[in-house]
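Chains here go by letter, A, B, C and D, matching the order in which they are written, and residues are numbered from 1 within each.
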C-alpha cells in the first residue's frame, strides 16, 4: 500500500490510454463501464469499427433524443446509433466472430488480474452471481485483451496478484493491464508482464508497494 | 395450405404447453423479446418450466413476469442481473440456474437446432463453467465439450413475417431469435407486421418458414429500454 | 429372377407413388434423377415446400427460357425458378435444417437397400468415386427417407438385399422403398420392412423371386 | 481508413500466396464461384495447393482451371463429378482427395471460422467417412467427431460489396460463400458491384466486413450454367 495518497490516472485517462492501443482498421469490442469510454478517445486519424456481442457491427455514438430506437442497443443495453458501415448478425454469428479470432482487441474491466494473465471479473463467492455474460467468450476468442482496472481495491488490497483469489473468467488471457497507476504489458502469452509506463506522480516504488504480482521492469 | 397464422397468442400456444416443459425464448435483455407470447404463458399458468434465454427480464417485464408467478423452475442463461425477484427466489432455493457463457449459449442453441449434440470450445476452459464437463485437446490446446440444446417450445419475436412463416428481424433485436427459432420441437413467432405473399426479398429472409410452425401478430410491442443513453445535437 | 418379363411401374409411376406420401405443409428434399420428377405429381390439394441443400427453400418449376438465372439452381445444378415463399440460406444453415430434423421427407435414389434399412448410393469400389455430396447428411437428418430404385440391377441381381454389398451411405435410414415392382414400408426403424403394394401384373411370388432381403407380407 | 478495395485480383492476392498453402473457395458447382480470383491464382502459378471447396469445377472452368495446370495437390470436397481431368489425375495418383459429406463440409468450414475445433454429427456414422474418426455416444446414439477447417486464404464471390468489406450474396450463389469468408486467415472477395457507403440495409448484409480483408470488382462473371433446364410457357 502506498502511504501517501496517489490517485494516478482518472477513468478518462485509462480509456484514453487504451484508445492509443487501437490501430487503423481494427475491429474492437468494448466492455461495459470504463471500457465503453474508450470510444470517446479514438484518434480521428484511424478508422476503428466497434463490435458489440449482441450482434451489432459498426456501433455509432449514442443517438440524438429523437432518434432513440429500442431495437438498436449495445451489449451494455444502452441505446446507440448506426453508421453507414453498420450491419447486424445473430448472437451465434456474433460470437463466431469473437471465438474465431476475428476481433482484434477487447477492452474489459476486471476485479483481479494475475501475473500469469489469468482474469477474474464475473463473480464474488458469497455475493449473488449475475452470470458471465459474454466475458468468457471474449477473453477466450479475441486476439488481444486489454484490461482496465483500479490498481487496488477500496480497502487497499492489490488487484494485480500472484494468483486470482476469485473464480476465473479465463486462464492466461490478459495481454495488457492499464491501472490508474501504471501500464503493464507482455510480449506474448508465454512472457511475464513488464511495467511499461507510470501515471504522473507515481514512482516505480509506489507501484511495487501495492502490487502482489511479479512483473519485469522495462 | 396448412395455416400457420393464428388469431392470438392463446390459440397459437394451444396444445403445445405442459408442466415441466422446456421453453427457449429469443431476446437480449429486453430487446427482441416475445412480449405477447410471454404474457400468454403467464395467462396459461403452465408451471415448473425450464427456460432457455440469455437473460431473465426485469422484475415486472419480460421473463420476469414468469418468475413473479413462480412458473419457472430453472433458467439456462448467461446473465440474470437487473432482477430482484430472481435473486430472492434463487437465494431462497426456489429457482435453479445453469450459467452458460453467452457465446456458448448461442452456439448450444444453434447446435441443438442443427442436429449437433456437442461441440468443443475454448470458452470457459479452466473456469467453474468447465467443471464436470469433458475436456479434449486439439493441437495441444484444451477445449471443453458443450452440448446442443433443444426445447419443447421456442418463442421468438420478429419485425415481419409472412403466412409461410418466413421471418425478418429488426436490427439488434435479431440477437438470439434466429437460433432459438431453430431449436424448438415447435416454434411460435410473434411479428410486428404480417406482410403479404412475395413481400420479402428472398435474399433478405432471416429465418425461413421451415422453422416456424405458428405465428401471430404481436399485440404487445412495448420494447422497454433498459438504458436510454443519448447525445446532444452537435454544435 | 423372374422368368417372364415384368416391367412393373415406370419412372413416372415411381415418382407419382412417392408423391402420394407427401402431406400438406411438408418440407421435402428431392434427390437427383427420378426423385426430381416427384414434384410433377404433387396433388394440387396439398401445399408442399421443396428444399434444396444448396440453400434454396421454396423451389419453383424450371424457369421460362427468358427467365433463366445462373444464380438460381437446385442441388442437381439445374436452373429453377422462385416462388413467393422462396428464401435462400447458406449451405451451413441449409444443412442445419437437414441435420436438425426440420425436413419432413427426402426422396432419394439408391444402388442398394438392405433389409435393416441400410442404404448404399454413393460409390462402387473400383469405379471412380465422385463423392457423397449431400446424401449422407440427408439420410442422417431428414425425418423420413423414401428410396426409389429399380428392383433388380441390369444383370438381374436383386438390389433389395440382406446386407448391402456396396459402401454405405447410411445405416438403418430407409423408411420406405418404392421399386418398379413393389412398395415396402416399415412402421419404424426397429421394425422389418413389409410388402405393401404390388405393381400391376406383378405377383407376390414375382417379388419374392427377385428379392434377397427378408420382409413381411401385409 | 485501411483500404480494402484493391485495383485487381493480382494486387489483391499479392503477399498472400505461397506454395503448399490451403485455399478455401466458395461456390456450389459453378454457381457463386470466385471466377476472377481463380484466374488470378492460375496466373500466379502458386502450387502444391490444398483446396477446400464443395466441388472441383469442370474441365475448363472454375477450379478445373487450377487442376489443369497441376497446381492442386489435394482437394477437400463433397463431390467432384463432371471433371475428367480430375479423374485422370486422381487415378494416376497425382491428386489426393478427402471426401467430406456436403453438410459436414459446410459445418466444418463454419466451425473453423467460429473457433470450434470439433463437433459431433450423425452424418456418416457407420460408413467409410467415419473410419479412423472418433465416435461418441449421446443419449445412446453414435456420433462422429468432425474437425473445424481453417485456410490460409479464403476466396469468395458476392453480388455486392462496399468499402468496409460488407457483402451481399445473390440467391443460390450464396451457398458456401458466407462460411468460406469466415475460415480464412485472410479473405479476399470479388464482387459484381461495388456499392457506395450506406447502400446496404444493415439488416440485409450477409457477411460483415470484419471477415473480408480485401475486395475487388470481379472482371469475370461468366456464370456458366451446368444444367440449363427450362419449361415452356403455359398455354
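Here is the rule we go by: a contact is a pair of C-beta atoms (placed from the backbone, for glycine too) under 8 Å apart; a residue touches a chain by one contact, two chains touch by 3 or more.
Note that the coordinates shown come from a computational prediction; the quantities given were computed from them, not determined experimentally.
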item: Fewest touching-chain hops separating chain B from chain D; value: 1
item: Chain pair with more C-beta contacts, A-B versus A-D; value: A-B
item: Mean-CA-position distance for chain C and chain B (Å); value: 36
item: Whole-Å separation of chain centres (CA-atom averages), chain C against chain D; value: 28
item: Set of chain C residues in contact with two or more other chains; value: 82, 88-89, 95-96, 98-99, 140-141
item: Residue numbers of chain B (touch at least two other chains); value: 107, 110, 114-116, 121-122, 169-171, 174, 202-203, 206
item: Touching pairs among all chains present in the structure; value: A-B, A-D, B-C, B-D, C-D
item: Partner chain A, residues of chain B touching it in the complex; value: 28-32, 54, 77-81, 87, 90-91, 97, 99, 101-104, 106-107, 109-110, 121-129, 159, 169-179, 206, 223-233
item: Of chain C, residues touching chain D in the complex; value: 52-56, 61-65, 68-80, 82, 88-92, 94-96, 98-99, 123, 128-137, 140-141, 167-171
item: List of chain D residues in touch with chain B within their complex; value: 107, 111, 114-122, 136, 138-139, 141, 143, 147, 168-171, 174, 201-204, 206
item: In the complex with chain C, residue positions of chain B that touch it; value: 1-2, 110, 112-116, 162, 164, 166, 182, 197-198, 200, 202-203, 205, 208-211
item: List of chain A residues in touch with chain D within their complex; value: 24-25, 27, 46-47, 49, 51, 57-58, 82, 84-89, 95-103, 140-141
